[in-house]
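Below are structures written as structure tokens.
Consider the two complexes below, in which subunit A is the common component and subunit B and subunit C are the respective partners.
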Partner chain A sequence: MARFVLTRLLSLVPVLAIVALITFAILNFTPGDPAVAILGIDATPEQREALREELGLNRPLIEQFLAWAGGLLTLDFGSSIYLDIPVSEALLRHLEPTLLLATYSLAVAILVGVPVGVLSGVRRGGTIDRLVMGATVLINGIPNFFLGILAIMLFAVTLGLLPSGGYVSPTEDFIGHAQCMMLPSLVLGISLTSFARIIRSSVLDVMSSEFVETAYAKGLNRPQVVRRHVLRNAAIPSVTVIGIAFGNLLGGAVVTEYVFNLQGIGQLLVESIARRDYPVIQAGVLLSAFLFVLVTLVVDIICAYLDPRVRYGR
Partner chain B sequence: MAVNSVGPAIGQEIPAESAAVRTPPDWWYRFRSTRRGTLGLGLLVLVVLACTFGPLLSPYDPSAVDPVDRLAGPSAEHWAGTDQFGRDVITRMLVGGRTSLIVAAAVTVLSVVVGTLLGLLSAMYRRVDGPVMRFLDALMAFPSVLLAIALMARLGPSIVNVIAALSIVTVPTFARLIRSSALVVKETPYVELATALGLRRRTIMLRYLFANSRSPMILAATFGAATVILSEAALSFLGAGLPASVPTWGGMLNDGQTYLRNAWWLALAPGLMLTLLLLSLNMVGDALRDALDPRSDRLS
Partner chain C sequence: MSTASADPVLQIRDLRVRTNGPRPLNIIDGVDLDVALDETVALVGESGSGKSMAARSVLKLLPCNLSVTAEQLTVAGIDAQRADDAALHRLRGDTVGMVFQDPMANFNPVLTVGEQVVEPMRIRERMSKRAAQRLAAEALGHVGITRPEERALEYPHQFSGGMLQRAMIAMALINRPRLVVADEPTTALDATLQVKIVELLRTVQAEVGAGVLLITHDLGLVAELADRAVVMYGGRVLESGPVAELFVQPAHPYTRALLESRPEQGRDVQAIPGEPATPATRPTGCVFHPRCQLRDGRERCESTMPTLLTLSETRTSACHYVEEMLDPARSALSGSEALLETAAAKRVVEGVAVRVDHVSKEFVSTSFWSSHRKVVTKAVDDVTFEVPRGKTLGLVGESGSGKSTLGRLMIGLLQPDCGQITVFDEQGAPITDRDELRRTIQWVHQDPYGSLNPKMTVGRLIDEVLNRYGLHAGRREERCAELLTQMGLPASTAQRYPHQLSGGQRQRVSIARALAVEPSILVLDEPLSALDVSIQAQVINLLRSLRESLGLSYVLISHDLNVVRAVCDRVAVMCKGELVEFGEAEQIYQQPQHPYTQTLLAAMLSTSRVRRDTSTVH
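For the complex of A and B:
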């Protein structure tokens, strides 16, 4: 197991390096002068020159990349052009809402998606199954930002039950926090539950396997078979899909934060686009990619723990 | 890949291979026989027709400002009301749909071409495989919406840039898919035979691997188009997509959110249209998956 974890960790190094390179390339190899893009076309040549000097754009690209990548290793992402503070500080200030939104909505997605997927797989063709399948098709079709707007219309504007947006820290006012996080977490969580469908089909796969037939033949009843044999074997693909859902979560959080005006990292990124604050955008995107890669690693490790066949290679 | 497993019934005339009239493939009949497929395809055609010809039938200019009729609710003149500049919502919705469809079509075609090329090359030539796949893996490590946002932040708002950014995000998935299906075909006895007969690798790639990548490609293109439409709407919603002067569903939803308290109709029309289009594409995709691979387990 330790050996498996170690090899997987080492294999991350090239991926992370290329991810960093791509992020760097987005800013530096795309057409147009960043100094013009940041300052606008009205700036004088002197101002542009000063900015280029400040951002180090006059140095050779290799040198720029090494300096930037070296900074990454010490968590130094440079300075925000607009906010005039280090990027790491800007990110830290916006971290709390994003982290909590991600946690809550992943919890909603798992608490709803997993039981629903298992149930509809076990009772294939039943009423629950049909309802769930219809619902997942619908959920796949509704963009989460439209769902968010509809939720605000209903619960905030029409019924006046919950706030339409804004963020309250749980340490300040826990009830206020729960109220303002309710809608965004439910909306983002629900939009992730379409993985229930994949859990359902992996349950179906296991249900039709020979060892399940054997289990029935030796006299176990359905709850026993499901608990002892089906769930364990269906868990592996399920963990993988939940890991993939995490990637959608990172992207979805940006849009959801925007809809509900949560001052998280996503909101910071969107605002930075209008401000042409490239160092912030670069760091935000890079961090989310790193996070996604790490989650993929954790998923792999969990799968290896659950299934010895993965550990020893096929 | 056993697409042709259902043969003609006994007693039925078997169509000759070289017949002038080509019969549609089996999967088409299986697709047509599902309710999900026909309903989805019907809706899709409806949305496409409405967005293509609707703007021509509308009496309004999508960007004509009418200060008197600002934020007017649905009425006989303006079926879905007007926006904060007094522009007709229905007309803007139809024009926005046109843009969405153009972006989706362009990105899907580009990604299919580039994805198929990269996928086939890396399945056939091991020297290409390593670097190309490493690079695509790294691209796939980015949450796709965020990568598109970063690209758009740098490129600036325009339709060409949206197409470029979304294609960069979409190609890796397509290439991976084609590569994995081509790798399976590469191991089949007939490809082995072709190799033994001395066919060149390029010929094998084009003749066998390419021909067999058609059905996974059709599927990927259907679901891919839905993802592209969703991403374009999200980008425009966040103000990182098309220029604000162009009507888009995402941009209209953004307006709708701004004026949520006094004009609920602003978000409703583009949101419902977007949902309808995504639903129809997903339904068509589901039905196609069942039809192209009869062994896959059906959803209902």
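For the complex of A and C:
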């Protein structure tokens, strides 16, 4: 097991190297100039040239890449061109809201999606099943931002119960943190409940397998069959799907972050792209990739725990 | 032994099962069945005869789109029709133990075998984890599993099929039930194991005094185990009676046909012509009349449904012309052993289809928490032999002997650790191109349930292969229909999904798919073990005629020595990964050299034994 984790961690290195190379290449081959972005279109060519010189942008690309990659090895991501602070500081500052938003909305999605999915799978074709399936289609059909705006209008504007946006760190003011995270987490979480459908179909798959019939023949009643034989088997494919959804959230839920004005990674990346803030973009993409691979590793470990066939590498 | 015997544990009167919906189909049409505490009753018939359903309806284990009615349905004195849910659950776990056909599918892959074996008991009474483990080990040891303490903690995928089936029997017996329902319990087992299981079931019956309802198509097993047999076809009982009488002098043409279609040593098997009746295609009058040899065009069979006549205190038959069946002149069952022997002698070795040269394959597994504990299994250990062209090689051995691994190595699904496997084309040149290799040597999987994608129609399954190799472009649909007809399936099967087909039909679809690319070698991994006897005979005959007409070479992996003898020219006997004996089939069957082969042959179940025994009594 330890070796499994270690090899997976080592495989991070080539993945990250490839991600680094690709982001660097894409950024530098797309049109746009950081000097223009910083100085504005009124600046003279001499001023721009001077800034480029200062930022090292006029050096050959290979040299730029090697310098950047060399910094990466010592965890030095350089400085933001625009923000005038080290990239690591900028990322860390924006990572907290994203991490917490992703975690909360995952919790909401699991708390709602898992029981609902299991219930509608077990009672297939029943009232609950049909209601749930209809509701998930509806929710999937509504764009995130629209749901967010509706929520803001109702809870913040009309009822005045919750703030309409912004971010408060839990270490400063926990109540305030809970208040401002409530709406975005619910909105994002509910839009994720579509994995109730995936759980439902996994449950249905397992329910039709022969060992479930055997379990009934052994005298188990339905709750016992579901608890002992269905859930764990149905969890195996579901964990993978949930894990990937979580990994995506860690890259920043851009739209939700904008709607609720959360200064998350997604927002930082989008703004940095507009500002041609190369160091921030590169490090941000790397960070997202790193988190994603980390999540898939955790998913694999959970799957190995759940499924002895994976564990014993059949 | 009679139906009126003292302690009935199961009584069924006029059982009817039909589908719900606007146009209901009768699946079971008035079946009576009794099992007494001290007897074993076999329910015999082809797939689709309703035998499994009849048994499952006892415990209400049928899908909810079927409705069950019966005049009487009593299990150990409890009216199963009126029992509430709680009573039904108790009935299932405590009073009736079930053994199903496919042990691999019937165990939950994420729980240990031990946990599952004691589960029927643990849901009834509280017990510590340790007590449960001890109990599981005891139960597993009782059914002949070695190192039961360790094996109880292992997972189903670490068991072989045979061992899992033993575990399933342990599971069914854990609460000492009064009735054991065994649905094809030995179909997936080796000959040696079959004997053990049969003995085990007998012991249980003697120890606990349980009644056994045995559902099977294996007449050898019926002869070996059952006191009485009830023969079902098309949802009706056609004949019932003590096995000893029924086998010697069947009172219904269907029973006789079943007995004749059994792959017996050296005898050419006789398939029952036509397809088994399905609920949708059930004929009027006698359900068996379209396939009946006795009917001889008589109108009464088609117009009038025969009632179940009582012939004696113990025997019944539903044939209009039962007196003709009982006529002494008819009753001798023919054997034609000489035919096969001469045919085998005529065959001469011409070329080599596959050469297996000093091939070994090991599997290494590691423990979950540490990589230090490595378990090395030598699945195939330095094996050398040749598959002659145009011939059939039987690969025989117990489960776990490495015969399936060897098959997988031959088709290139696995790579050997050392040694070499060479496949030759029709001109005798070795094939190196991977695509060409895949086309030349095809594989028919053991499990026709798992090997066909349930989301694809039969037509698409076959079309996929044709398309992959660019064969019959423009007329793929016709080719597909051709293949299906060749397999004895209606061409309309192409529109159906695998789950709509019976096991026998699915296996024929698998063979059709394998033959679609026109290979010259077929590796068949237990192709018959999931099939009924009459279908087995059809498939055996089909494989024979295909070999002649298409010049195929076969590698038949099987534990059923009767089937191997009926089909194979050469036999390779595997034991624990090693090839212990290789030679002409007849020679090995007559004079087995290796002690392991001798044990295997001694364990062979045969109806002829019973037939001989009873004929001396009469």
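Note that in this section the second predicted complex is superposed on the first by the 274 of 314 C-alpha atoms of A that agree within 3 Å, B and C clash if a C-alpha of one lies under 4 Å from a C-alpha of the other, contacts with A are read in each partner's own complex, and residues count from 1 in each chain.
One rule holds in what follows: contacts are C-beta pairs under 8 Å (C-beta built on N, C-alpha and C of every residue); 3 or more make two chains touch, one makes a residue touch a chain.
Predicted, not measured: the structure shown is a model, and the values here were computed from it.
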Exercise. Touching A:L250 in the superposition: subunit B (first), subunit C (second), both, neither?
Worked result: first
For this session: Between subunit B and subunit C, pick out the one touching the greater number of residues of subunit A.
Result: B
For this session: Classify the contacts of A:I22 with the two partner chains as first (subunit B alone), second (subunit C alone), both, or neither.
Result: first
For this session: For A:R276, select first, second, both or neither according to whether it touches subunit B, subunit C, the two together, or no partner.
Result: first
Exercise. Looking at the overlay, does A:I149 come into contact with subunit B only (first), subunit C only (second), both, or neither?
Worked result: first
For this session: Identify the partner contact of A:A217: answer first if only subunit B is touched, second if only subunit C is, both if each is, neither if none is.
Result: second
For this session: Once the structures are superposed on A, label A:G160 by its partner contacts, choosing first (subunit B), second (subunit C), both or neither.
Result: neither
For this session: Could you look at A:G40 and tell me whether it touches subunit B, subunit C, both or neither (first, second, both, neither)?
Result: neither
For this session: Applying the touch criterion given at the start, work out whether A:P60 contacts subunit B, subunit C, both or neither, answering first, second, both or neither.
Result: neither
Problem set entry | subunit B residues within the subunit A interface of the complex | 134-135, 137-139, 141-147, 149-156, 230, 233-234, 237-240, 253, 256-257, 260-261, 264, 267, 271, 274-276, 278-279, 282-283, 286, 297, 299-300
Exercise. Which subunit A residues qualify as touching subunit C in the complex?
Worked result: 1-3, 209-211, 213-221, 224, 228-229, 232-233, 236, 304, 306-309, 311-314
For this session: Report the residues of subunit A in contact with subunit B in the complex, numbered from low to high.
Result: 14-15, 18-19, 21-23, 26-27, 30-32, 37, 125, 130, 133, 137-138, 140-143, 145-146, 149-150, 152-153, 157, 164, 197, 201, 204-205, 247-248, 250-252, 254-255, 258-259, 269-270, 272-274, 276, 278, 281-282, 284-285, 288-289, 292-293, 296
Problem set entry | Interface residues, subunit C side, partner subunit A - complex | 59, 61, 85-86, 89-94, 98, 100, 102, 105-111, 119-120, 123-124, 155, 157-158, 168, 171, 365-366, 368-371
